[in-house]
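Per-chain residue numbering starts at 1, and chain names A, B, C and D are given in the order in which the chains are listed.
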């Protein structure tokens, strides 16, 4: 049994990780940290997680917990994660980091967008971006995974086949994303209180969201040249899910069937990608609680534009599910272990 | 592997049964019926249920399907179920019926509340009311289970320990229930359209809901004398869950600790009942997607009243989960098989 | 034009008062206070309230603002209101207080439930409980109004005709209330964040809610003898509205028509009470944004129980609308001024 | 007093028109039609609209009602409206039509998108597209108004200043719209039932929605040359509101201040347009129940793209409010009459 420790287990991502791992036959959770909830059990905080009544939150003391586990999941705030990741990594542990701290390879870009310098650039070089659909082979051999952001996951998976097949004008990309409120985390903030969010809908951080450089980095790698994108996040009045609508000009003559074929072929062996029939579109309700990414396609021949729509659950494929997928790959477990559940309907 | 057939699999209860059984190692689904959706696959109708892309809805032709399965789940409308249940039962099959048709032992009461005569009173006598917390021993030997209604499940489980312990005045019972909208089924009806339900809340069928005789029957059996209750259902603007608030006068001097002790002891061995600490109350969010019933207790000494609050997921403990629990008991499977999942948070 | 000042205008009740008064032809708002938002305009905080771009929040400095207005609305937290009310009152101003501080006539009961002593018992004696359906004549002559709580408004209006007509057993009253989340106020609190409330439903403060003594006080006054009630509030996942379901045993033989007649007659001249046809029930969606209380009735002859269901908008009839109604009465304005709007549908 | 008749008054747009007109001092409603609800009062159908208890739905018999009113609002389904509009118009009445039938000037384009021929092309030529911000002068003299569609209203108002100022590349326009569920109308359809919509979000009719030609027609008129756009509607799990996010490449060097200046200047005299400070974005909650369009702007200099975000209430500015605005202009009433309300917060 693999011993794992969860650093930062009282937020929604940590909580979702606990839910998924409760159903994983190869893993034992040896500890979970939280500063605010130290001393309480997981079940005290989340009565629904009844299986964890004996798992007690403890403060994060890195030296003391180092020997408690072989693999550390870190669901800490951005910037706070830097040092902890480095510590566990240089001490020979496997690390899966949910923060953005090890995702941006260019430490100057990191500093520019996250307003804090990167102090562990050597370790940064070792980190593998944990998107199995791109880096499966590297993940299998990795010790340090930078688990992708929720918005980047939906955006990159939507664009990957088109960019690899070189069918789009990469200077024209518009990524319009809509996320459920759990994406903002579990916190006291009047802006995310029920009455402010419910029956409302808005755009935020237009053109300035921190997930932008992560999307651009991976699309640029795929393309072989620098890509800049328009990325606009919006806040949906629902708990979970991100729907991303992507627009890009077509750069060559192509039919709907050919495009669908490219997507189906690219993802033919992927266990968690579902390419819909041409003309069908995803609904975040179809992927809720699952590790799936649903993709719908439309070629608008009047405007010569390809529209790609993707849906994921931001807490699963966009966070904890993808992390478990990465763990399965790193440890040589069967890839889908713990991730085969169906969504609640309705 | 147990072969099962689902009659009426295109509604929410059938759909939920498919979800739960997808995770059950002892069962193979050999068919599913739906008149309206005949010819389509389950995945055509519910894209999220991706595992069932080869399971095709067929019209319900009883003779033809009789040999396809050993156990039949029937999620058909009330009254329509009568004949189908009888057919499978007298042909030696195991049957779990989701309708009310075999729940009310008194066929006159059935006719009075359901406005249709019962034509199979011999078979009615054989039916066991499928609430494991009351009838576990009988269920293990049964061939025909009348699976309880959603409201009765939350109401009866809340009152059972108090009635058995004879601590309440059974003439004073008020049952105030609030159900999510999936309880109304999957149907075209302007009254259940999004804009009519959302941001609304109302009582309906006050004092006249058809689940009333079912609640009264079981409480009367437990008590040994005829009990009549006030039962008011309400419609919540959310998908799943029933919260029931029950009021009853205390008939003897008793402390909060004693009451909590009675509930904890009564349900000590029950795998799906969670009695909360005194002064804590359930939230339907804590049981969503699970087979649990959460129970909270309060003794109001100012009014000499016991208040019991229960929460269940109407589609799981209130329908398909309880049905699988019954199947596990009937077939000698481990009782919790397929039912150990944790709720999504949030 | 009446000059009014709003003390505490950055919460939901203050905000709703601003909305209602924007449509009132006899009133000019001369100032609004908020400690946290001092220096900002109302429109800065609430962009939808575009008419108030020049109304700037100021800290509450009682002496300085005393001469700015003839009537002061106070929407301050409980306990904080005590002194401010007294100050404006003894300086000859008209005062309408939204807090509980001047509602409970028995200062010992106030201290017991609110955990703070009452320091202004002389002024407390002068306060009139601002429910026009009971105290219209007194309100017209009053200088100090204790504006009723939201839950008490729905509960008392439901019970008033039955208690006055002496048709119920007053020892048997159960009040089961369900409130939208705006009732909790506008604040940073993880328990009221979107993801915790949405798709959830729970009871809270069972038998211990601070609105209990207020309900009991007014019912006791109406009845002529001490009444104790069971009161359970619940939290609805929607913005506005309270639905209250009330159960009481009938103390004399009576028909549905007679009961409906009593309610219709009692409220015949009331501009904001709508007694529905027997067998129809309120929906909080029907009263949203309005000052109406809808009432539905059911006589359950099987249990000898009267069930009364009421719906109000907690921010209008349960707070700011009732306050404006009181102001209209105090100032001799036409009673319905500013309060004739219809609800949004949907 | 202007006598008006509402043809098709049992849907959400008709209902909203009744709400708005209840507050309009210059208008008397002389009748309202509905086939399904004929014989019932408006209040029977919508208990919240208590002022209309004596307004009875009648079947639409054009000849019989011709003399009942001077102005006819038609909120009938697309295609059904054609003949009725023509009848009232040629008989000398003022007509405001909510359908798309008289919006598309090119009857071939109409037939192509709406799959039905236009039989009244002479009357079509007389219709004025009822967007006051473009056609105020013509509306004042018009007898027949084609009231704009909800999506086109949000899209056109967002693009108008940029197109007139010639600062964008009109071949690059992406319009990504998200609408509340009331946009689908009041109907029995499982796809719009609560449990299917709630906690879900999806794109639909990608590149094929019927509002596309209407948007393109008006943008082309404004630009002076043919414009083709990408338009994607999405379905939001809330009652009211449309948020539209628009992307277009900038065609000349320009600063954020200059762009904001263009928008502020263009709409300086418009009573219902609110251009936000640069970097602030609309929320549909801010305009709910009002006739306002909120506009936010962002110049993404990294991608040389202007992002425009607009919010309207689809039933007010996107339907009935804009219709009343048109009526006010046609009849010489003060422009804002009946439309000055503030939104409910929350």
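One rule holds for everything that comes next: a contact is a pair of C-beta atoms (placed from the backbone, for glycine too) under 8 Å apart; a residue touches a chain by one contact, two chains touch by 3 or more.
Here the structure is a predicted model, which means the values were calculated and not measured.
Comparing each of A-B, B-C or A-C with B-D, which pair has over half of its contact pairs in common by residue number?
The B-D interface is reproduced by A-C.
Decide which interface, C-D or A-D, involves more C-beta pairs in contact, and give its chain pair.
Pair with the higher count of C-beta contacts: A-D.
Based only on mean CA positions, could you tell me how far chain C sits from chain D in angstrom?
It comes to 37 Å between the two C-alpha centres.
Distance-wise, how many Å sit between the C-alpha centres of chain A and chain D, to the nearest whole number?
Taking the average C-alpha coordinate of chain A and of chain D, the gap between them is 39 Å.
Counting only residues that touch at least 2 other chains, which ones in chain D make the list?
In chain D, residues 12, 182, 195-196, 198-199, 237-240, 283, 285, 288, 346 touch at least two other chains, as defined above.
Using the touch definition up top, name the residues of chain B that touch chain C in the complex.
Those in contact with chain C are residues 172, 174, 176, 178, 195-196, 198-204, 206-207, 228-230, 232, 234, 236-241, 243, 245, 247, 281-285, 288, 296, 298, 300, 302-303, 305, 307, 309, 311, 346.
Quick check: in the complex, which residue numbers of chain A touch chain C?
For chain A paired with chain C, touching residues are 12, 181-182, 186-190, 192-199, 237-239.
Mind listing the chain C positions that touch chain D in their complex?
12, 15-16, 18-19, 22-23, 46-51, 182, 199, 239-240, 274, 276, 280, 283, 285-290, 292, 294, 340-346
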